[in-house]
Amino acid sequence: MLLTVINPNTTESMTATIGRAAAAVVSPGTTVRAVTPATGPASIESHYDEALAVPGLLAEIAAGEEAGSDGYVIACFGDPGLDAARELARGPVVGIAEAAMRTASYLGRGFSVVTTLGRTVGRAQDLAEHYGAARFCRGVRACAIPVLELEDPASGARERITEECRRAVAEDGSDAIVLGCAGMADLCAHISAAVGVPVVDGVAAATRTVESLVALGLRTGDRGEFARPPAKPYTGLLRHFRLGVADRC
Amino acid sequence: MLLTVINPNTTESMTATIGRAAAAVVSPGTTVRAVTPATGPASIESHYDEALAVPGLLAEIAAGEEAGSDGYVIACFGDPGLDAARELARGPVVGIAEAAMRTASYLGRGFSVVTTLGRTVGRAQDLAEHYGAARFCRGVRACAIPVLELEDPASGARERITEECRRAVAEDGSDAIVLGCAGMADLCAHISAAVGVPVVDGVAAATRTVESLVALGLRTGDRGEFARPPAKPYTGLLRHFRLGVADRC
Amino acid sequence: MLLTVINPNTTESMTATIGRAAAAVVSPGTTVRAVTPATGPASIESHYDEALAVPGLLAEIAAGEEAGSDGYVIACFGDPGLDAARELARGPVVGIAEAAMRTASYLGRGFSVVTTLGRTVGRAQDLAEHYGAARFCRGVRACAIPVLELEDPASGARERITEECRRAVAEDGSDAIVLGCAGMADLCAHISAAVGVPVVDGVAAATRTVESLVALGLRTGDRGEFARPPAKPYTGLLRHFRLGVADRC
Amino acid sequence: MLLTVINPNTTESMTATIGRAAAAVVSPGTTVRAVTPATGPASIESHYDEALAVPGLLAEIAAGEEAGSDGYVIACFGDPGLDAARELARGPVVGIAEAAMRTASYLGRGFSVVTTLGRTVGRAQDLAEHYGAARFCRGVRACAIPVLELEDPASGARERITEECRRAVAEDGSDAIVLGCAGMADLCAHISAAVGVPVVDGVAAATRTVESLVALGLRTGDRGEFARPPAKPYTGLLRHFRLGVADRC
Amino acid sequence: MLLTVINPNTTESMTATIGRAAAAVVSPGTTVRAVTPATGPASIESHYDEALAVPGLLAEIAAGEEAGSDGYVIACFGDPGLDAARELARGPVVGIAEAAMRTASYLGRGFSVVTTLGRTVGRAQDLAEHYGAARFCRGVRACAIPVLELEDPASGARERITEECRRAVAEDGSDAIVLGCAGMADLCAHISAAVGVPVVDGVAAATRTVESLVALGLRTGDRGEFARPPAKPYTGLLRHFRLGVADRC
Amino acid sequence: MLLTVINPNTTESMTATIGRAAAAVVSPGTTVRAVTPATGPASIESHYDEALAVPGLLAEIAAGEEAGSDGYVIACFGDPGLDAARELARGPVVGIAEAAMRTASYLGRGFSVVTTLGRTVGRAQDLAEHYGAARFCRGVRACAIPVLELEDPASGARERITEECRRAVAEDGSDAIVLGCAGMADLCAHISAAVGVPVVDGVAAATRTVESLVALGLRTGDRGEFARPPAKPYTGLLRHFRLGVADRC
């Protein structure tokens, strides 16, 4: 089975972290392709960044289809472009926010999300509601850490995130923690050991989820809303995104 | 007051229809700029189209800021790029779906949305929930009409839409109708007369709404989630979307 | 266009404040009639006051119909008698709570309401849910200020309200403030400047909203629940509220 | 124990029906006073009627307090004036809609409401949500029967209501029926026998509920929202509704 | 009328407390049987305890049917086995959590639940949602008191519970308190006097509620989900729970 | 990895079907133990059956802990005893209803559940809400097929279920189907091929889900509600369910 894990931002070092987290959890026989779009922002920290990450991400879906990918992970906690990706891909597509939140819902009555910048809290709450996880989500907490600082050991990011996770357990009464950024993928074991509750990394959770969907023979239903998009003219910078009528991308 | 009404697809004739609908309802002293993005799809009929319409739309917001626009309307019923546009613009930004649904909520206990293709129904339901209009929205009904057919008098689109509106009133018990596509802007008076209930066109509703917000001195709150996006590198096709640190676009 | 703004309490000085706030925001060509009912309480600070304000308010709707009013604002944050007024009036009727909350919903992810007495908080929360604004409403906060004290500069009301608005932004993480009493209409600009977020006064918001509904040719749907009430005998103090069969009030 | 059952409309024959229904279900030692307001509409079939029934109803609460009433039933399915009545009365106050819906919630997974005119359906749905009964309420169905026709054996009302109840069970899959009008109080046994499911009459349910509240020593909490209303001037037709500062009505 | 009040745990002294609370509130002519199952845990403080209390409880329902019981109370705040009991009994069955929460909903805008161990909080929140009481429930608070300690005057339980109730009123702004354990039945009057708000004991509330249902001729609807269970083989420890085809237990 | 799949009813042939479905989807290195309780009903078709299946199921959890099981599947669509099992097991426990519903939520905007007897529909709706899947669940449909008839090829069950799935897609507009009974596990591929949409069998979905949780190092959070139950006396038929203080079962 071939899975493509897309880092929707253009920072290669973060793609490497994400790729390692995904590869570490797949079953024997599954291969992970971790890819970085050619187009888009260096990190996703606003609605603006998120919207502009989507064309590059969709190009990676199209490339994945060419490469015979069986399923996809969108490795940014805002799950950018998820619905469009589902129209485009033959196989299943899973976002790390939806996978992380649903996975955490199996672990108790409630979880807290711990994320980077305060301005992303609203989007996480929105997704919790959108995915039906709002009744499990007891809080979304930010650490005032820019995304790319996660990669800098000198930033103290790991300690601050661990501390916020500890507060989440104590104050929200949560049974589990969800890490709210793909860039936190390698902190999971450390925090779980430090805080004493299960900690869900979305990259790992989404990778296992999409692998299971493929193994179960499940794909996005394509009889209605998620059928292949109607072909039509595209112009300007994105003119190459025009779909052919007969082929999939 | 200068208002910019953005048709997020690249079909100029539809921009003209939208521009007329907006200009018809503004107060004395308000000027409407109706604009068409240089980049994007000819019509928006899928999540794929909608996602790929956003860069062109954001470029129009940036251009509008240069032109001194006081407020913006996003004239596609999926409200694409709304949150990102709010981060970017100094003045208020209003989507036609949110304005149409909230406007209809003043007219009785419930409304029905009548839209084009069945595959857009899910998105409209989603927005109804997102905007807090779900408890007013008694149904979303599609007419199996591609967006650009709305412009073709020979397509019979007007009659089919009117008929579906009639069924909506009878079967959903709705007090009002919301037209679910910017391309229907010029059908409003006809349908209202034919069906006997108030009919809300989102373009007109959003234009009046944003005009009122400007008149009231209201803009998007910019102290948290909707503050200007952090500046950072952008690469590839969208490299020119990089924001400067000090200036707005 | 002729708009009637009804202060549902019987305090003339408050009607004057409300009338100024409404007149300040209408477009050229629109006239505002601010009226005070002959019957009812001097201020509305309980469910009892609110219920007993409604007959006087409905008499003003009937008088407005005689006077050729095109639309109505109910200028008390409990939106008393709104449904009944909609049955009675030919044109649209808008309450200041619904208009303020929906208007604030265009300005970000969440708002806080700041109101007068603690005993009115429940009603405001109730209306937020009723209007579909609960998912935007992050808090309703009271200042322990009786309504008529708002008119007394020596009461310190302005400072206390401003301070509570500041706390709302900091503690609720709100993007905007909604003022929870018609008597606060003239504090809007001051507080916005002091606190740094958009502040919505319901009188201004409702006036612009109803003006837009009239401009768009929209009225309450009258085919079902909001059709004219069946005529029937009325007795006692309210015997003159009997409706004729053929005429509207 | 003395209970006051208030028919909020001014039709004495309906008060008699309601009074019989209440008296039939109380325990030994409980006395029922069924009263008709001096002021208000002959029947309640619109928001207008409902709003204008409230002053007369509140006068009956005040009179009941003088008479030493231990608790109150508001016997109209719109529960008019309920919150105001709770501020005014020392003892508990129960509306027939809330009592009927909550009572039916003990009888299975879902109930249907069968009511008189279609224009009252929205209000019943609204109350279901307000009382937390929406998840039990599987449908609200109207029979196009004016309220006062319920008293006319020649109207065929009984048969049409029974037939609608039968449809409700079959089509909504409901475990129980709620009768949506106080004027249906004497149809309860007949319909239950005919349709084969439990049928809840709100007058009987509310009477038993308020009797139980009194027996349990429970009253409306009066430390916040439902404390006695602040005293203040009242003018015009309702000037006698001014409350004294020290006494309860 | 014969009512059976089942203490689902096996501690006889708690059954005695519960029986006294029930007997104290019934009307003349009603007899209360308070019973203790032969099988099950000494107290219910976990999902495990709750699940394993159900067989013993259902055996008591079966025995009650033999004894001619007209209705049943399940006297544990988790309402264990309620749906199964409703299938089995001819008459109505009421849980103390549902009765307490619905009863408290008549007393104001919101209540707080005060319960024993923190680990039971989630279940109480769950039930509040299940019964449609979530919009009335402003908080569930635990006192870290094991259930059986409630019977020990030296434990200080009464004081700690009273103190938590006081905090609930102050911090949650609740109009009423719900006691979250059948073992608190005899604290009701003391706490109400101490805290100054109405306090609802579920045993008393449920007993009055089921008595009223019987008096109103209401029983669980048995045409669908709550029809008598299909007969079938049972094996092992619970082989005697096999139902006959023709008789009720 | 050792996974235990528990058929909560006592019919061995159904256990065999379930065991095959689970074994067919696990990754290399994972072993499935499919077990049948010694105590309980032959099938689960009522709340009564479901409640009485739980003790036998919990005994299997305890036995699984002895056997070193790493995780558990509860293979009945009512997810009986799930919370209690989570308290008891060291590793994760997943119900087939929660896994099927959450899995289907990755496949589009909505799914329909197709189940056996109409009397189980309410429970499925309840679980959809409990798991946050209600906004994805567009309908629960029953086929009037007793559970054990699923095993009889002559019953026509397969055809009737397939036909109901076809109707669900057409009438509910669902993107996917969820099979609402563990006994349907072997129909999944057939129906998916016949109906043309993805079909989710809960046994397979839950098995993959719990395998992933174990692979990710995730277990039920045990710091609060799901900590090991307090030890205490148990009496009667279930006296052997008494837990020791120090050991886990």
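As written, the chains take the letters A, B, C, D, E and F, and residue 1 is the first residue of each chain.
The definition used in the following text is that contacts are C-beta pairs under 8 Å (C-beta built on N, C-alpha and C of every residue); 3 or more make two chains touch, one makes a residue touch a chain.
The UniProt protein names, listed by chain, are A, B, C, D, E, F = Hydantoin racemase.
Note that this is a predicted model, so its numbers are computed, not measured.
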Fill in the blank from the handout: At the largest C-alpha centroid distance from chain E (Hydantoin racemase) we find chain B
Fill in the blank from the handout: For the copies chain B (Hydantoin racemase) and chain C (Hydantoin racemase), the interface residues, called same if over half of the numbers are used by both and different if under half, are same
Fill in the blank from the handout: Maximum distance between Cα centroids and chain C (Hydantoin racemase) occurs for chain F
Problem - Copies chain B (Hydantoin racemase) and chain D (Hydantoin racemase) - rotation angle from C-alpha fit, nearest 5 degrees - result: 120
Exercise for the section: Indicate the whole-number Å distance between the mean C-alpha point of chain A (Hydantoin racemase) and the mean C-alpha point of chain E (Hydantoin racemase). Expected result: 44
Problem - CA centroid of chain A (Hydantoin racemase) to CA centroid of chain F (Hydantoin racemase), Å - result: 28
Practice task
Any chance you could list the residues of chain A (Hydantoin racemase) touching two or more other chains?
Solution key: 86, 109, 118, 121-122, 126, 135, 173, 224-226
Handout entry: Contact footprint of chain E (Hydantoin racemase) on chain D (Hydantoin racemase) as seen in their complex
Key = 25, 27-29, 86, 92, 94, 98, 102-103, 105-109, 131-136, 169, 173-176, 189, 192, 196-198, 200, 204-205, 208-209, 211-213, 215-221, 223-226
Problem - Complex contact set, residues of chain E (Hydantoin racemase) against chain F (Hydantoin racemase) - result: 10, 37-43, 45-52, 54-56, 58, 81, 83-84, 86-88, 118-123, 126, 130, 146, 224-227, 229-230, 232-239, 241, 243
